[in-house]
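Both complexes below contain chain A, partnered by chain B and then by chain C.
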Partner chain A sequence: MNAISSFFRGPYYIALYTYREGIRRKMLIGFLVLSLLVIFGSSFISSFLDPSAETDIDLKLIKDICVAAISIFGVLITVYISASVVPNEIENKVIYTVLSKPVGRMQYLLGKFMGAQLIIIVNLLLMGGLFFMALYLRQGIMPTLLLWSILLTYFEFLIVSAFTFAISCAATTSLVPIMGGLFVYITGNLTEYLKDVENRASQTTEWLDMIIGKVATGLYAVLPNLQNFSLKTQIVNGQPNDPLLDVFIPSLLLYGSIYGLAGFLCAYVIFWRKEV
Partner chain B sequence: MSTAISTQNLTKIYEGALRGQDVHALNELSLDVEEGEIFGYLGPNGSGKTTTIKMLLGLIFPTQGTIKIFGNSAISSAAVKKNIGYLPEGAYYPDFLRGEEILSYYGKLYGLRGSDLKKRIDATMDMVGMQHARKRLLRGYSKGMRQRIGLAQALISDPKLLILDEPTTGLDPIARKEIRDILLRLREEGKTLLISSHELLEVELMSNRVGILYNGTLQTIGSVDELLVKREMTVSVDGIDDGIASELSSRGITVEDRTGGRATLRIGSTLSIYDAIELCKSKSLELNSVAPRRETLEELFVRVIGAAEADRR
Partner chain C sequence: MEFLKRFPNLIVIVLLILVLIAGIAMNLRMRHLRESEAYYRWLIAAAVSERLFQDQEEGDQDGVLFSGSVAAARESGIFFDYLDGDSDSEDISLLGRVAKDYQQDWRIWSFARSSYAAEQRQQFLLLAKERKLRFAQDIQYAEAQAGDVNIFNLFFGFRKVAANLVWLEVDRYWHQGNMYRMITLMRTCVALDPHFVEAYIIGSWHLAYNATASMPDTPWPRRDWDPRYQVCLGEKERFYYYAIDFLKDGIRRNPRNYRIYFDLGFALYKQKLEDYANAVKYLAEAIALPHDRWVPRQLFLCQELNGQYEEALQGWKDYMERYPGSMTAVEVAPRFILRNQGLIYEKRAEEFRIQAKQMTDATVSKKFRKQAEENYMLARGIWNELSDPFGEGRKMRMEALDMREEGRYLEALAVLDKARWDTAALWQEFSDLIIEIKKEAGISLSVSEKKAVMRDSEVGICPGMPKEEQERRLHTIEDIKAGL
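Presenting the complex of A and B:
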């Protein structure tokens, strides 16, 4: 027990430090302010205009915008922060002073990763919280569906974050991992198309098509399917307190955690002998 | 006395993208730093000092060779690292924190907590003379103040071994003297210090031993007293003029520090001191003093590097 708590003490301080350092980044604050403006603007302002003339279509549009804003700005924040916590510290050489302390590389990475997660969670709670309030004030119904959605969105971001983080451990600047992270996010949301490609390729005997089919099958097997984490259709079309349809939360959380862990382990494999 | 740092055939090659672009930064360095000494690690820019230091701290990894710190070769283990304080070259310290918050962060990474941590922060702040600015944000620190905080974070755990990469770069003469006094005091407390520096006078004043590195190879190593032999005499005289000066020069005497008729003559190895004094007498120069002269570290450095450069060609 003592050994475990002393192992996690270093990562804990590093995570707190990373959080304090990270939330000051101008880029991050910019993303957050923009997203809050979009959510606030679309939901609150319209409610002041003429509440009586409100139609379902309006509400749908607003929900659509807000859900999109949370995922777009959320993923930008996730990718940006996951891509930069380590390269940034290599660049300004703070890493020298930290790694020369009695802190192992695993502990260091764990601290950095946890710090990034803290930032992602806080931002997601701010954005989701505002949207939650907007919906609640407007309809007077507890938007419980949204709470599930925020939870699932975090696990989606965890996957994106872990792989971005792994790429960032191989890089010296944050540009490449940012691109990589966005790539993971985009392809992770397109995996259904890979299934399509696979199906179509299996209908021909052309060798090139077959290779493409095999690649698609491989990618489909390896890439996380991020669409699983989206409750967008249900949120936009249903009532805010509808029960969850077609999703089993525990298995999705497990799915997200496994991919997150895999990404983190990749990061460690890359980092443990990295020359800084 | 035991050995604090010991390297055997330590070699570092930075691999380039192409075969010919490899950088041989360090070649077969075998070096022992004894406990309780100040070791001056010298060498021109790019000679491999920082490379050596980063390998000692496990920030980069040797291509070949071994390192032992206090006899332990597991240099990346917490057990070894808790005895080491490190001041990196030209490091940056987080701007958004207060001086004392930085020390607290690094102190916690060493495992210090509670009142122990408080005491250590207080003691190191005192030691580096930053007590007055400890509550200020680093953003408002001058270069010298940052360097002091850097030194303080290296000292926070009261480590047995200090590895300082250019600790006085960018400091004014008073601050340098203060830092030097701190380092000397640390040695008195029994600490071991490895200091890389370009400030040769400073190193000469502090170090027990020095090593001079050139192009990745250790050229010279030894105690300051051994290396800086008293091999020349100086004679200071009055009544010199241009004619006499040029004649003395042609006899192998170096005329230095000439102000009007007063000058210091450095008697090289070509002439005995008696002959030199005879010569002065024959020129009717007035003798002020005759004294042995110890070579300065700077002269040794220039000589050693000059020889190594000539060898290389």
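Presenting the complex of A and C:
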């Protein structure tokens, strides 16, 4: 028990420090303020609509705009934070001081990763909280399904964050991992395209097409598919014919955790040979 | 152990490989779940469509796949309690019957992801990719697999935002009076977000109400035969059917949303087309789903208008039990319970009178007459208790019918004429009865009554009508003219 607590003590302090340092970044605050403005502004979008028609369209507008804003700004915050926590330390040379202490590389990385997650969670909670309030004020009932949506959004971000973090471990500046993180998000949403490549490749007998087809099949099986998380939009606009949540939500949480862990392990594999 | 101490990072590598294998397994599971979900949604849409619309467009493979799915469902054992009384002669299939109750959706979901449906699921995906399934057009998963991976498919959530922006444009066109542009954009809007229920509802309202508000009814000679709806339609009437089609499209894509059924039943079939049978059909669907408190009221009203007094009466009684303290239960329901009770007695009395007339045996005929009188008495008691213009009108109607029985036609007509002016809600019914009595008594109809008879009968002939249909209707005209 002592060994476990002493192992996690180092990462805990590093995470706390990473959080304190990260939350003060101007760009992060900028993203957050913008997202909060969009979420807040969505409540006024109904002024563009015909006031004589008594409908729930404005409610739908609020939901869709807020989900989109959380996705866009959330992923920007996720990528920015995950891409910069390690390269910034290398740039500032703080990493040398930390690693010269009795802190293992695994502990260091775990601390940094947990710190980044803490920042992402706090930002997500702020955005989600405002969205929650906007819906509550409009509907008058607790939009509890929204909490599931936010939880799923976090697990989607966990995957993006973990792989961005892995890329950042190979870089010395944060610019490349930021580009890499955005690439992870976009390709993660286009994984379905690989299935299409596989289908098209199987329509010819050319050896090159066959190889491309095999590669696409392999990648389709291994790469995380972020489209699976489109359920988060579905939940918010819930329909009574959705008895699927009990199966989908646990599966998606497990899915996010597995790929999050895979990303973190990749980061460690990259980082352990890095000369710092 | 020694080996692990020498190579500690090997554990991480092995762990990474294991995690990636777990990731592959999860990927496969998610893929299976998403395919099953797409298939499940299609099954519900196809089952509801089979039960409500029973229409099939050429080239669509929905029917074939659905039959295969029903056969697989029958063998799966998941729907064992629905198999009792299952026969081929029934119009509705096993899945159609299960889909009638939304609380059984979990069974369809269980079936959709089970191995029993594996073959149909694969076939579904194949047909969906080839766009041969009518009810699968909105299913995102199959859509993404169909090879149209583009910027719209990149983030499904953003398509909803795009649909909202398009809707703002629809709203702008509405204020500008650009109705035809609006219709196109409305279709774009629901193509972007097929679950945009408000777009269906408001869109159909614009079509059926706002677009036609300043249009006069199209005269028969200016209408065209519409083979799809089997009716003669002018510009104004066509908008009603556009609205119906739009809402039906909404039902196919959102089969578990009561609001679309409600609007189709109430706003279109009841208010616009006065087709109470269809209004009851769709309102009954609406109340079978989770709904708001005001929905059943419209169903009971339509049942009453459709002559289904027993169902309406039972419905009002159930409503009072379910919402005992509500304003409707306290102020409205008791009145409608009395109304329907009175109408049931009247209906029974009239049936007994007809039976009495048909009987050759004087004793039996007398017995029926007595029963008719008893029911009339009961009805009269209720109308007295009701004590409102409707009740007064019904009493006058009964008085007129009594006079008719005694051959006092002119007096009956005078009473009915007064009654229809006193009770506007019963104007049509009393006017029809006046015509009926006049015909029975051999009294000539007035010009406006003759016109009403011609108008109300299926006499409309319009360009493009098939020859057989034209001949059938022309015969009807001849018959009516002969009758007049």
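Assume the second predicted complex is superposed on the first by the 245 of 276 C-alpha atoms of A that agree within 3 Å, B and C clash if a C-alpha of one lies under 4 Å from a C-alpha of the other, contacts with A are read in each partner's own complex, and residues count from 1 in each chain.
Everything below uses one rule, namely that a residue touches a chain if its C-beta (ideal position, glycine included) is under 8 Å from a C-beta of that chain, and two chains touch if they have at least 3 such contacts.
All values reported here derive from a predicted model rather than from experimental measurement.
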item	value
Of chain B and chain C, the chain that contacts the larger number of chain A residues	C
Partner chain(s) touched by A:193 [first = chain B, second = chain C, both, neither]	second
Which of chain B and chain C A:203 touches, first, second, both or neither	neither
A:71 touches, of chain B and chain C: first, second, both or neither?	second
Chain B versus chain C as contact partner of A:251, first or second or both or neither	second
Touched partner set for A:2, first chain B, second chain C, both or neither	neither
On chain A, positions contacted by chain B and by chain C	none
For the chain B and chain A complex, residues of the former touching the latter	54, 57-61, 76, 78-79, 81-82, 84, 86, 88, 90-94, 96-97, 105-106, 108-111, 150, 153
Touching residues on chain A, where the partner in the complex is chain B	6, 9-10, 13-14, 17, 20-21, 24, 92-94, 96-104, 273, 275-276
Residue ranges of chain C in contact with chain A within the complex	9, 12-13, 15-16, 19-20, 22-24, 26-31, 33-34, 37, 40-41, 44, 102, 105-106, 109, 129, 140, 144-145, 147, 149, 153-158, 160-161, 163-164, 167-168, 171, 174-175, 195-196, 198-199, 201-202, 205, 254-257, 289-290
Residues of chain A that touch chain C when the two form their complex	45, 48-50, 53, 55-57, 60-61, 64-65, 67-68, 71, 186, 189-190, 192-193, 195-196, 199-200, 220-225, 227-228, 230, 232-233, 237, 239-241, 243-244, 247-248, 251-252, 254-255, 258-259, 261-262, 265-266, 268-269, 272
